[in-house]
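Below is one structure. I have some questions about it.
Just so it is clear, A, B and C label the chains in written order, and each chain counts residues from 1 on its own.
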Amino acid sequence: MSENAVIKLSHLEKSFGENEVLKDINLEVSKGEVISVIGSSGSGKSTMLRCINLLEIPSGGEILYEGKNIQDKSVKLTEYRAKVAMVFQQFNLFNNMTALDNCVKPQMIVLKRTKEEATKIALEFIEKVGMSAYVNAKPSQLSGGQKQRIAIARALSMNPEVILFDEPTSALDPEMVGEVLEVMQDLARSGYTMIVVTHEMGFAREVSSRVIFMDGGYIVEEGTPEEIFKNTKQERTKQFLSKVL
Amino acid sequence: MNFFNNISNILDKYTGLLLKGLGYTMLIALVGTVIGLIIGLCTGIIRTIPTSKNKAVSIIQRCVNALISVYVEVFRGTPMMVQAMVIYWGFAFANGGNTLPLIPAGIFIVSINTGAYMTEIVRGGIISIDKGQFEAAYSCGMNHFQVMLYVIIPQVMKNILPSVSNEFVINIKDTSVLNVIGVMELFYQATKIQTMTYQIFETYLVVCVIYFIMTFSITRLLRLVEKKLSGSNSYTICGSQSDPNAEIRVKEGQ
Amino acid sequence: MKRIFALILAVALMLCTFTSCGGRDQFDMSEVNSLSDLDGAVIAAQTGTFHLDALTAQTEGVDVKEYPDFTQLLTALNSGAIDGYVAEEPTAYAVIAQNPGLSYVALKNNDTGFTATDADTGIAVAFKTGSAYVATVNEILAGISTETREKLMQQAVTMNANPDEALTEALALVSSNTNTSNGTLKIAMECAYAPFNWSQTTDANGAVKIQGSDLYANGYDVQIAKYIAAEMGMSLEIYSAKWEALITGVQAGTYDGIIAGMSPTEEREAEVDFTDCYYNSNLVIIYKK
């Protein structure tokens, strides 16, 4: 294995009852990589992402973070999760807090930052996602695209090592997809380590450093965007791409 | 008229007793509801703890959950009057005739009774919260307690407030059953006054009006609080494209 | 406008219900001289008393009703729900003093009326089974003459008519002992059974503060309790309790004794120990004139 892998999945399996969703997933993510995970619905993309954050408990295999098994007793789950932020398809902003508090409170609660420090950091990232004007708004007062940008600012405020995006634009109206993708492109350029489950082939092709195609619980093909989109090797990948492109 | 004379006599002579009864009724109902709510929140938090992978811990969890279920079923399935008798006299027999002090005993009985109902109300409140709220909070690195305290409970509170106020109004009325153990709430004072005036109808009519004024005004008051708590439906945009210092108030739905 | 109309309608409906309920044929009680004359009358007694047992067992053709306390019996009578209720003679004096519209028939013991023993209609002090107080109290009670008892009962009736006004004469039964070094005697009663015991808002006529309440207790039982406690060199505490809770409270040890116009019936003897009787009364039926 390479020395600088931040996250390594080895023989990862997950089944819900009889239904095997992930079968033997092996993946290494290095620092600074932007990985796009593509594939049809039910291929296990989201489940893999949720396993990485332990929102789903794997049925088998290991997830290593900086060389340590995260299910090991020596690894504190809350500390690990603070380093691996997640952006959800349904935004999941805390409904009881304003946009600003959504970014401030988790820092104070989890990272024990002072209010001033947390607010400063939060405002910085809120500006980065272009939402400065809406710091006082409640989630119910924001549009989908605005919510997702705040959700990204919340993830960034925790200064994570890795950000997981679970279909961040799938629940958005088409005209709002652009604003979110723009922010994500910006992040990719800034050197964040990102794993993005997405249906946006444009994003996968232009922004990511590596693309993974999943089908039936396996990683079928992986490579640079060039390799996947231009020199497709696997038949199943070709079929999938012919449908979505 | 005789009837109005009787009423004014009761008001004249026994205002002190009635006011005292009113005070105790309010005290017991209010404190009982608050403690009941706290019990409900605690059991709500305990019941939603994810099952531990550790065998011993998970067995303890299952026992605690079973205990909570028994508590809820027993206290919801029996009348508060019966609970009051059992607890009060049970304590007396177990402690060589020492009885619980009456007001704390009343508060205790109302609290655990309300707690059983609140447990269910809070559970419903927690279930109604979107699963995504939990996932987002966990994925930030919060532990179960933090998730509950900072994210879930504030939302639950807002949702269950109507049920909680309802429970409070019910408690104002239901403290009257505590007269069986001699707690000096409003109904008990009425039973005392009627033995001195021999005027059952007039006495209870006065008490009836007092209860109604109390519950009616409190219902109105709590509705106001609910409205307030559901939050302002406007927010401020800080700065605009043309003027960075502008503050624009935006109303929801516009 | 609609709301006002609805309100008026509701009130009118209520009034209709009230008035249409009235009109039960009253039984003429003034002709009653013996129990057999009660055939067809609606007569009530307090739940859990000998009165109720006697009424059920010793009369025929009577519609027997029961109410949990004395005030409700009186209210039932005044409202016309019953034709009369069984009580002890002193109770009748007290009630009639306050309600001039009422009268009573004395159904003399072992004569034309109820058959009853002292255990049924006499009243005694109750203590926890095996209590050493019983013998001591018997000695004290033996020292109170029948004349004193009758005089005290008359005074109780007078005091009950105006509880807050001072009697013009001294109480018939007062202990000269002022030493209270032997501890506290906790006595329970209903505080709602005039003239034996009642509640009042002032401490007039030597009324005793009811524990944990703003009210004072007075009456025949209270004066007896005061006398007994004083003679025993103890200070007295009076507790107000429901009739059903009196015996339970003594068994639990919450109260030391009961002085509540309670008759030493067989069933009660099984639960607590009784002293000799401190008053004997006849059963009567109170009715509306």
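To be clear about the criterion, contacts are C-beta pairs under 8 Å (C-beta built on N, C-alpha and C of every residue); 3 or more make two chains touch, one makes a residue touch a chain.
Bear in mind that the values here come from a model prediction, so they are computed numbers and not experimental data.
Chemist: How would the remaining chains group if subunit B were removed from the picture, with no chain shifted?
Modeler: Drop subunit B and the rest splits as A | C.
Chemist: Report back the single chain whose CA centre is most distant from the CA centre of subunit B.
Modeler: Using the mean of the C-alpha atoms as each chain's centre, the farthest one from subunit B is A.
Chemist: What chain is most central when centres are computed from CA atoms?
Modeler: The chain sitting closest to the overall C-alpha centre is B.
Chemist: Take the average of all CA coordinates in subunit B, do the same for subunit C, and state the distance between these two points in whole angstrom.
Modeler: It comes to 40 Å between the two C-alpha centres.
Chemist: Roughly how far is subunit A from subunit B, going centre to centre by Cα mean, in whole Å?
Modeler: 43
Chemist: Hey, how far is the Cα centre of subunit A from the one of subunit C, in Å?
Modeler: 81
Chemist: Find every residue in subunit B that makes contact with two or more other chains and list them.
Modeler: none
Chemist: What residues of subunit C sit close enough to touch subunit B in their complex?
Modeler: 69-72, 74-75, 98-99, 163, 191-192, 198-201, 212-215, 240-242, 245, 248-249, 251-255
Chemist: Mind pulling up the subunit B residues that touch subunit C in the complex?
Modeler: Touch residues, subunit B against subunit C: 13-14, 16-17, 20, 89, 92-93, 96-99, 102, 180, 182, 184, 192, 194-196, 198, 200-201.
Chemist: Touching subunit A in the complex: which residues of subunit B?
Modeler: Touch residues, subunit B against subunit A: 130, 132-133, 135-143, 146, 150-151, 154-155, 158, 231, 233, 235-240, 250, 252.
Chemist: In their shared complex, at which residues does subunit A touch subunit B?
Modeler: Interface residues on subunit A, with respect to subunit B: 53, 55, 78-86, 88, 90-96, 98, 105-106, 109-111, 132-138, 140-141, 151, 154, 158.
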